[in-house]
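Note that the chains are named A, B, C and D in the order they appear, and that numbering of residues resets to 1 at the start of each chain.
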């Protein structure tokens, strides 16, 4: 059974992603309606904060699974650490 | 006619936002299919980088319009500066 | 007299920068004493948060001066906007 | 002997932190000399980028040590994961 780290909160995660998708569509609508730039930026920041939260939640589950050992079959610890740090670097460095 | 700062590239902006919406939908699909967490995170980072670029583009246009004076009717410079810095703070501080 | 945007709070700014310098020196001392990595990271994050605050304060003053016109002699609005957005991009994108 | 994750590159790390300390002192000097705000901001961004790099390097070593098991005596994996994610959250969220 292909259990992933975030399976437990999968529904919640999908709902949050749905909401972000709606936020991005809302931003497009605001641009289409020539809404005030600063208000558009506020909406973009809200979508980004939501994505940050989702990403940190996913990473949190992953790191816990890697460290407690009931992982997902990718056994090599060095590779796991490299992958985690790659993801962290992309989150921090963008 | 309520021209906004980013009107010139409105089509381009809408296309980019469409693409981000598709990226977020893709992330949801990956979660639904129990795809590997690190790959999901990579996609989220891509969506965030795209949103960053869109936000900076919007802000760039807005700041240029504010400073060159062919703005959008919100004449008070102090309020404009407050709004710009509010948007910058939200972009940096999230 | 070469007045800059942040002249009014120059003392306050210098005190804050002094404190950040001390924080960075403290991080070096922690590394030298082989202190626990997570604690070192907490100190680094504190220094970064302080630098963010200083940078946003400087930018805030600058943007207000640019927009209200009692600027610092760099009159060209397009160049001012380019400079501001360059600084914002560096703050956001790092 | 209290070996830490980054012991191997301790000298290099101390040199880098020394350089950041000098950068922050340089920023204070620029402020004291009323240097142009945008140039001050560029220096601050450079110091922040250097701190980011130092922090990611420290975290990288720590995560590798946690996952490969030749850690530093804090054996509880759940606590390790919580600590790592706390540090990541502070790096991302500031």
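As a convention for this text, a contact is a pair of C-beta atoms (placed from the backbone, for glycine too) under 8 Å apart; a residue touches a chain by one contact, two chains touch by 3 or more.
Just so it is clear, the model here is predicted, and its values are computed rather than measured.
Colleague: What's the rotation, in steps of 5°, that superposes chain C's Cα atoms on chain D?
Modeller: To map chain C onto chain D, rotate by about 180 degrees.
Colleague: Looking at where chain A touches chain B, is over half of the residue numbers used by both copies, so same, or under half, so different?
Modeller: same
Colleague: Chain A to chain B: how many Å between their CA centres?
Modeller: Here chain A and chain B have centroids separated by 17 Å.
Colleague: Using the average of all C-alpha atoms in each chain as its centre, how far is it in Å between chain B and chain D?
Modeller: Chain centres of chain B and chain D, defined by C-alpha means, are spaced 29 Å apart.
Colleague: With centres defined as the mean C-alpha position, give me the chain A-chain D separation in Å.
Modeller: Here the centre of chain D sits 24 Å away from the centre of chain A.
Colleague: Among the residues of chain A, which ones contact at least 2 other chains?
Modeller: 52, 59, 84, 91, 93-94
Colleague: Between the chains shown, work out who touches whom and classify the graph as line, ring, star, complete or other.
Modeller: Looks like a ring, each chain touching just two neighbours.
Colleague: Give every residue of chain D touching chain C within the complex, in rising order.
Modeller: 2-7, 10, 13-14, 17-18, 20-21, 24-25, 27-28, 31-32, 34-38, 40-42, 44-45, 47-49, 51-52, 54-55, 58-59, 61-62, 72, 83-84, 86-87, 90-91, 94
Colleague: Given the complex with chain C, which residues does chain B contribute to the contact?
Modeller: These residues of chain B touch chain C: 52, 56, 59-60, 63-64, 66-69, 77-78, 80-81, 84-85, 88-89, 91-93.
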